Structure formats: structure tokens, C-alpha cells
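Here it is, the structure in full.
We call the chains A, B and C, going by the order they appear; numbering starts again at 1 in every chain.
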Amino acid sequence: MSSKNIPKNAMSRRDAVLSGAALLAGGAALLSRDAEAQTPPARPGVTPAPDRALSYTPVETPNLTTLPWKMENGVKVFHLIAEPVKREFAPGMVVDAWGYNGSCHGPTIEAVEGDRVRILVTNKLPERTSAHWHGILLPNGMDGVAGLNQPHIDPGETYVYELTLRQHGTHMYHPHSDEMVQMAMGMMGFFIVHPKKPETPKIDRDFAIFLAEWFIAPGTSKPNPSIMLDFNTFTFNARAFPGTAPLVVKTGQRVRIRLANLSMDSHPIHLHGYQFQITATDGGKIAASARWPETTVNVPVGSTRDFEFVADVPGDWAFHCHKSHHTMNAMGHDVPNMMGVKQGDVEGRIRKHLPGYMAMGEKGMGGMMEMGRPRNTLPMMTGKGKYGDIEMGGMFTVLKVRDGITDYKDPGWYEAPAGTVAYKLKQ
Amino acid sequence: MSSKNIPKNAMSRRDAVLSGAALLAGGAALLSRDAEAQTPPARPGVTPAPDRALSYTPVETPNLTTLPWKMENGVKVFHLIAEPVKREFAPGMVVDAWGYNGSCHGPTIEAVEGDRVRILVTNKLPERTSAHWHGILLPNGMDGVAGLNQPHIDPGETYVYELTLRQHGTHMYHPHSDEMVQMAMGMMGFFIVHPKKPETPKIDRDFAIFLAEWFIAPGTSKPNPSIMLDFNTFTFNARAFPGTAPLVVKTGQRVRIRLANLSMDSHPIHLHGYQFQITATDGGKIAASARWPETTVNVPVGSTRDFEFVADVPGDWAFHCHKSHHTMNAMGHDVPNMMGVKQGDVEGRIRKHLPGYMAMGEKGMGGMMEMGRPRNTLPMMTGKGKYGDIEMGGMFTVLKVRDGITDYKDPGWYEAPAGTVAYKLKQ
Amino acid sequence: MSSKNIPKNAMSRRDAVLSGAALLAGGAALLSRDAEAQTPPARPGVTPAPDRALSYTPVETPNLTTLPWKMENGVKVFHLIAEPVKREFAPGMVVDAWGYNGSCHGPTIEAVEGDRVRILVTNKLPERTSAHWHGILLPNGMDGVAGLNQPHIDPGETYVYELTLRQHGTHMYHPHSDEMVQMAMGMMGFFIVHPKKPETPKIDRDFAIFLAEWFIAPGTSKPNPSIMLDFNTFTFNARAFPGTAPLVVKTGQRVRIRLANLSMDSHPIHLHGYQFQITATDGGKIAASARWPETTVNVPVGSTRDFEFVADVPGDWAFHCHKSHHTMNAMGHDVPNMMGVKQGDVEGRIRKHLPGYMAMGEKGMGGMMEMGRPRNTLPMMTGKGKYGDIEMGGMFTVLKVRDGITDYKDPGWYEAPAGTVAYKLKQ
């Protein structure tokens, strides 16, 4: 049975979610092809080249990849492998995280409304897990709350989920088994469903960014999942500035950015230089009559938000969380001794406010230090721009809008036309 | 004067709120009938059987009750008694809280737009209090901010509030005297006003859930009202999972859930398996053109949110706060030593991440421990489902949608049709 | 070139933001007139009397002022001077903050859609800074992110920003250089752009209130910018109750309140006695079809919110943040010993809950104490109303609605008509 051949309204909503008759077939044969199936695409963040034209603009997940799939008798088959992952948050900091398919966060699942999808989940973690498809309409037994809807997936086991996508939108996947620990370790990913009928106006560039917060004690590499409020590391797609890829678009393009949040806090993500409209949540499209204009989208926990705008003004536009400590790396949060750190004149300036804060002293950091600052720990503010230090970290990147570009490689810093830059007054 | 006989627009808004002429009569005679008046209804969570047909679907407040009232010369008369209350949050944990009429939180006040209501508030607390009617349009002197709008109500005193309800919606009551302490102790309740004109489409099931957070040191039973951020206990209607009643509905019913929040944080409450619309705030109905679809409703502090959906897919659907530490009980937040706790294999798994976190040791807990864990303290994750451990606590319950049920007793776990449950792949 | 003479749609959006050709002229001559230009207006919170009729109702920024400007060849020229500022939060507490033009927060910039504006920013701080115009559509080089869009402004330097306002709404300015520190010190202000075409319905009273949170250790006067979550002081326009000016309006007026938030938390600001509509964000006007009714407006970080209502019911209406510890001053947050504090019977009541919390003891506070409580520190709850203690602090003020007033001086407490105030029942 291929759901692709079923007219859109042939099944009632209820019949659709319960039509699992053909489900028990088909999973086993897949495992033999894993090695091929999970090979990440060559260019990070771009859907693997399909063997036929796509009806949609593929989503780009900066610094992450899209999950390949195979068509088996009309079913799109995906395979997620939950496992420990080493993740570089930025040069100089590698984290012992958990994720899927060698990636933290997991790769983006991308499908189309009406698709029949089968998702295999293999557990290579040292503890049991499960997979919940947040926001997806599905039969109760496919919802993935371990204990309630299915058994836990023990280490070494593979579970099979199968359903027909009756909706479109920006959704998520994450474990619902030892959930607080596994999400604190980075286990989450996008599940994006494109509409069957192409969207108008057409989206030219479509980005997806997962927001996350972590506590990783300075000098260490493991997230501490028992910290619930006072985090010290904040990421876009599990990268911290200056490790975040810029978002590169051509002047005049219609851009959508999809944000997802499974952390412990709302994140107010601010785009400079533009007004935009919030167009969707994980509950679906917001009707045009109900949309709010914003320059900051506050993404609640357990939610996604899509927003759209036309990139009509060129430049390098800051894009960041507006809780200012979420744009500071760990050393701004935890480290009492930063004597060895050189980052513009930040150090001296903070010392003016807080004489004790920066004073030399060991305070138990000795064993975790090297070259005057803790091992594997990012400076609180870092990054260099065209005009000097960009005093940011964490949840920060740059939207780069350029005329006439033909690819989306980082074009370097924006060269503003003469007379359009704030200037020093000669006195 | 009975406001029931006044045509809807006979009074201007301003006249209506100032028409207190008849107010000073009528309060005193009531006190003698208190014992009867405050008798809780037989079935928790259901309005007492009225002696005439109701124009509305009564609200159910799971694990709490609805406040009885008496009609006196065209006025609906309610009586709240502020007092210390022992509240069981879940089996094994009883809290020394404060509330109203022997209940924490207070019972739900339910009335109809256009009603003239009189509310007596008796103070049996060890300190002064007041009652504020959050979101209700009223004369300034009835607003309940002690010091500003009225004197504080001293212990032993009874105050009388009287007003005509000029609106409908989901509102709240709480003290506005030593407010931070009294709300931290649990003093709050729903004040729900049904529209005069019956709603369309008709609501079949109407639930009201109050969100709260507490700090109750492991081994103790008193909330600590000086904690402002780092809470360790999170409740739906002052119950923590597995102490929370399920929400039971019949397949196909239109369901409304009303959420209220007087804690220190926003709570993003997520319903599995459904998309819904947010239909009202404590400021009134949201116009159809302005509604957002969601799967998670982020309830700000000092606010209520109503949402509606048709329960068209049967099953056991998780319903919980999506800040994952809000679905963990106290032992996940505070307790360094959990050696004696058996809860699936959670203990060993956390120890993998945090060797020190779980290590044996006394750390001052000795006097508060019994049988290896603190007295009067819930395990961090608990509850058993059809498929094993449901690793949840706190703000978690289950929406149980079933075909053809005739009452709303807990129907047990959902039996999913064959072939609709995620399954283990045989290798 | 005067942009005032350019027909509204004569420039494309893109041309408009890049038309900086004439920008390099005009800045230098201004500095000589600084002393005059920055003189604050005589009446705090009111725009300086213009020499011609205004097309708009000037915004009032309670407890702050509006920034004067000069017209130079068709350009409105403003001058901000970043500098250390002593700010009284309430009688008895003076803070060593940072701000602009002797004011913390900075004075409100007010202009009109279509205006060409030039803003000089002089740095008199001990460290470098920059100025970002949050929410304003502008050429990339005017956006103020130091390092990315322009160099940092070193101490002693003046930078010039110039742009044409292509929008209207409630916006903000703040540094984007050592941002976390400088905003924690109070550096922020409103940038309000009125529509070119007068609004209907007309706004009679237009208020702007900046929300901020601080950590100022009891007994000290300097904000601590390394605190990121656990603040102890919460302000409206850098004043804490009872230091906040009331909002005084005449019965029947249409009132707009504009709120801005650059703190680390959402603030749910609640108005008693009214339902209102949220009408705008920093992204622009919300279409009428999309507006939500509320009694509480939850203002996210990095955002502004406007709301409107008709003040049709007289009285003294509480207006405050609903996170209850945000209406408590520092002594409710930090101070272990309050034996010397007299504030109604609060002290004894809290001691009932927390025997240890209030016990006598030095705990290192000795050197910062005088007369039994810490120097320069506000009691946790304070203020007296008509009916006794108003047990509030921090983010709290009163909307005073009165019949027939002719100025907006504080009219004292509301005298409620007989029979409209909650009363003690005689038993």
C-alpha cells in the first residue's frame, strides 16, 4: 500500500492514524543497508541530491545535515542511530555529547505531507531510550512516550515507527525516556514536513536552527544534566559563536527561519535590520489575519517558530538571543580567574566593576587550566569582524545579505557603500 | 435589586461598576449557614448538583472541587475561608500548605455573566490577608489590593466583596497582602465566568488546571516562600505525577482546557497527538481571526490561557510542562544521595554522567532520611504505565480519549489496535 | 537635502537606507552647541515645548525625560552622552549606574516617520561603547554592532549616526559593545517614532516604561554585571516602588502604555481593573484582526509591547510585574537579618514560615549595616496607601484614573463612593 496514491481526503483523520495494517512488514530488510543509508551528505546542511525534482525548497540546517532516506514500496524509510557523539562547539571546544548518526544534534528529517514514512531507531547509548515525534499527528502507539505508548528501547535494540504524514510544518524529535538527561546531552533534531501543495509566495532560502543550553564545567567536556537553571553554554545547532556558520542569502530573496527550543528557557531571538512576521508554530501555519510583526521571536520551550521576511537590504546583520548572557561563552559565566585571557580590553573593563571577580587565584581550577585559562573552554566574548572585536559568544551568528551572489559560501565581511557607516567626528 | 432582571445593556459600564447601593445589606445573615455552605460536593471536581438546569457545561477542576453557593435575593453568595491546609501532592507526600475551605488550591468559583455575586472571605490564617479577583472588571474598592483598595483582613475577620459580573472568561483569585508568601503557600483558585449566551460550538468537556511551583526541602513538609527561582516541586492543581488525575474524554468530544499560572515562571504545557487553538486569555476571548495553532501553550505568569480541540484520536496522550525539570520531582532537584531509591535503572544511568552526584554520603540529610530516601519526598521519576516505567513526575498527566465511554472514571491504559504500536525489530 | 520634502514613496526601501551621500556633512558643527542641546526639559517626562505644533501626543516617560533636538538643514539632530550617572531608585537608595546625559536610563528619543535624524554619541565612560538602534530599519553601517558594523567608540570619542526613519513604532537604543555589562549598568533608552499620519482613534495619554533588573548587593551602590539570573532589584524606568511615579489620567481618556525590556527575563506586567489589547511590538503595529485581549502583557527580552485601553473606571489601579518577587525590594531577596526592620507585621509573619531565615546574626553584613539594616538598601515591602501598608516594592506603580482633572499631578489616593469598597462584616 502506498499512501502516495491515496487521494488526499480518502481517509478520515481517524482512519488515517489507525491504518497500521501494513506496518509490520518492511523494517527488517533495511538494516543491512545502514552503512550506506547513514552516510552524511557531502555538503553539510544541504539535503542529499535527490534522484528526481523536489516539490519544495530543501531546508538548510546550518552546521548540521539532513537525514538521507530510501523509498521502499512507496514508504520513505529513515534510520536514526542514537549514540554518543563528539561535537565541536567552536574551535577549541569539543563536547562529549549524545546525538544521532554521529551528529549532535541529530540530522534533520525532511518529508512531504501525505508521505508514508517508516523510521527505524537503533539504540547505541549506554542506557535505554525512545523517540517521540513532537507535534506530529499519529496513532497513539507511535507517539514514543516510553512506558505509556511503547516499551523503552534497550541498548542494542532497534524499534520501528511508521505513520502517514497528515500535516505540514516544523516539528521535532527527541527521546521520551530519561528525557531530562538525554535532552541535556543534546538528543534532539528537526522533523520538517513540507506541504503537498507548493507554498506561495515561494520560499527562496529556508533555514532551521535548534536552540540549546548546556552546563559544561570549565575545564571539562561533559554536559552536566543535573543543572536546570544556571547554564553556561548556549548554542545554535550545537555550535557557539564564533563557531556558528553565517546565514548567506541573496538580496531580494524570501527567507524563512525555523527555530526550535527544547531547553529550559524561552529564547528571544533577535534579527537586526528587519521587521518580520511569525508565520507558524509547531501547531501549524498561523493564518495571515493572526500574524504578528516582530524583530525578536521569543521561542518558548517545547515549541517551534517560523518567521519570514524579504532580505531587501544588504549587509551583515547580527542574529542572536537577546538574553545577553546567552551570547557569552562559559568563561563569562563561571570562571573566577581570567588573568591569562586576552580579548581586546574586556578584561580590564570588567575589573573596573568587580574588583574581586577577576582577581588572580586558584580556587580549585588548577588541574583544569592550561596556558592561563581552563582547557576546552571558550572565552566569554570572542570573534573578530571587519571593524575589530565582536564581543559575543554563544547564540550569535550573522545574516549576510549580498547582491548577486551565485552560491552561498561565506562571502566575507560586508563592504558598506561610502557614507553609510557611522563615523568618528573630528573635533 | 436583582441584576438578573436588568437587560444586558441597561447599565453603562461605569454605572455598573459603581452601583454598590444595595451592597451593604445581606452579608451578615450568611455566616450562620457556613457549615452547610462550605460542604464540598460529593464528587471531587464536579459542580454540586444545582436545583435547576445549568446554561453551561460545568468546569471540572481535577483533584479539586467547585465552591458551592446560595442564592439570596437574587445574589449568588459564596464563602471563602482562608486557612492552613494539609495537602497530599501524591501518595507519600503531604504538604503543610495554605488554601481555602480545607482545600489547596482553593475551590473553583463558577458563575455566569450578568450575575450579581457576593463573596465573603474569612481569615483563619495566622497573619492578615486579602482577596484580589484577577481579571474581573469591578469597582475599584472591590479589587482587593490591601492598603490601596481596602484594609488588610486581620485574622478572625470576615470581609464582604460584591459586584456584578460584566464579562465572561477564565479568571483567578489570590491574596494581595503578603502576596509572595501567601501564593508560595498555595493560596489561589479559579474564578470562572460562563457567558450569558451559550457558546457555539458547545464545549463537551471543560477542564481547569492551576500551575504552581514550590520549594519543599527534602525531608520536610513546609513550602519555603523565600525561594524565588530554584524550585523543586511542580504541580497541576497542587498534585504531582503520579498523583495527578487523568483527563478522561469520549472520542469526538470538543474539549477545553483552561490553564492558570501564578508561579514565578512561564510554563509551556504540551499536549501530545493534537494541534489546538488558543481561544482565550484572562483578558477575554481571542477573536477567531487572531487565534494561533499550537501543540504547546506557554502560560505566562499572572495569566490564564484557554485552548480547545476535538478529541478525535483515541489513546493515552501525555500532557505536561515541557521544561523537563518541571516533570521531575524533588529528588531529581536536590538530593545528593539516592542509593536507596529503585526506579527502573535511572539511578545507574545518571551515575554514568555524574559520578559524584549519586555517591553515598550523609551531607546533612541523615535526620531527614528513612529507608534510604528522605521522608515525605517523591522520587524524581515514577509511575508505571502499560509498557513499563513512565519516567516522569511533577507537571504531568494523561489525556485519555476513549470510544463510547459513558462515565469519566479512569478507564485504565489504552489498548492500541494491533499494528499501531512501535515495535522491536527482530534481527 | 531635506528628507521632509521627499514624497513618501519617492525612494525605494533600498535606496532609502543607502542614501547616505549627504551624511558626512553636518556633524562637526554641532558639538559647539552641546551645552544648550542637552539641557533637560523643565518638566520631567514631557517633551520640551516645541516652537511649532506637534502632529502627535508626546510620550511621557515617567521619572525620566525626553531628549531635546535641534533642526539643522532639515535634519533633526540629537546628542547622547554615555556616562556614569548617580540614580536614586527610591528615597534611601542611590545607585552608581551608567546612562546617558546624566540620566539612567537614557532620555527618550522621539521623532516622526519620514524624519531625517542625526544622532551624535559621545563616550564619557571609562571603557569603549557603541549605540545600536533596536528595531529601526537602517543602512547596515548605522546598526551599531561594534566590530561588525563599525569600530568601537573609544572613551572621549564622538560618533555620528544618520538615517531616514522609514517606519513608526516603539523602539530602543542600547550599546552593542561589552553589551552584557553596559546594559546591566542601566544603559538603555526609548527610541519612539510617531506615524506621519495622525493615529485614529487619537491617543490621549501615551506612557513609556522601561523594565530592568539589577543585582546590587545589600549595603553597596554598584550593580553587579556578572549576575545573570538571581537579581534582587526590579525597576520601572530605573525607579523601585515606592519611588515610581503614578500614571495619572482623566476618566474616559484613551491610554497607551509602551513597555520595553532589555533584562534577562520576561516580565508579565499586569494592570488591575481593565482588559486591554496589545497593539504593537517593536516590529510594528499588530493588525486589528490579530490583536489579543489581555490583563497582563508578558514582555519578552529584546522586545517592546504597546497596549491600549479606555480608562473608563475611576480608581487607584495597581500596575505591576506579576512575578511576585519582582515586586519585592532587595531585602526580600538577600538579607538574612531583618531584625531592625519595621514594615507592618511582615517580619513576624515570615518568621513563622522560616525560623532560620530571620534569625539574628551577622553573616558578614556588619560593615554594610546602619541602624539595623544595610545601608542604601530598600525594605522588601514598603509604601503606605489610604488603607494601610501596600506590601510591595520594585516593579509596582498605580494607575490613577480621576474624573475631570485638568493637570496630571498626583491627585492623592482615590476616594471611593460609599458602598463600593469591600467591608468588614460585623459579627
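Remarks
Following the convention adopted for this analysis, contacts are C-beta pairs under 8 Å (C-beta built on N, C-alpha and C of every residue); 3 or more make two chains touch, one makes a residue touch a chain.
A quick note: this is a predicted structure, and the numbers were derived from the prediction, not measured.
Copies chain A and chain B of the same chain sequence form an interface built mainly from non-equivalent positions, shared numbers / all numbers used being under half.
When the CA atoms of chain B are superposed on chain C, the rotation angle comes to 120 degrees (nearest 5).
Per-chain CA centroids place chain A at a distance of 34 Å from chain B. Each of residues 229, 266, 289-290 in chain B touches at least two other chains. In the complex of the two chains, the chain C residues touching chain A come out as 13-14, 17-18, 20-24, 27-28, 31, 120, 126-128, 132, 134-135, 137-153, 157-161, 167, 176-181, 183-185, 222-226, 228-229, 262, 264, 266, 281-287, 289-290, 300-303.
Interface of chain A with chain C (complex): residues 229-230, 251, 266, 268, 270, 272-276, 289-296, 298, 312-318, 322-325, 327-328, 332-333, 345-346, 348-350, 352-354, 357, 381, 383-392, 398, 413-414, 416-427.
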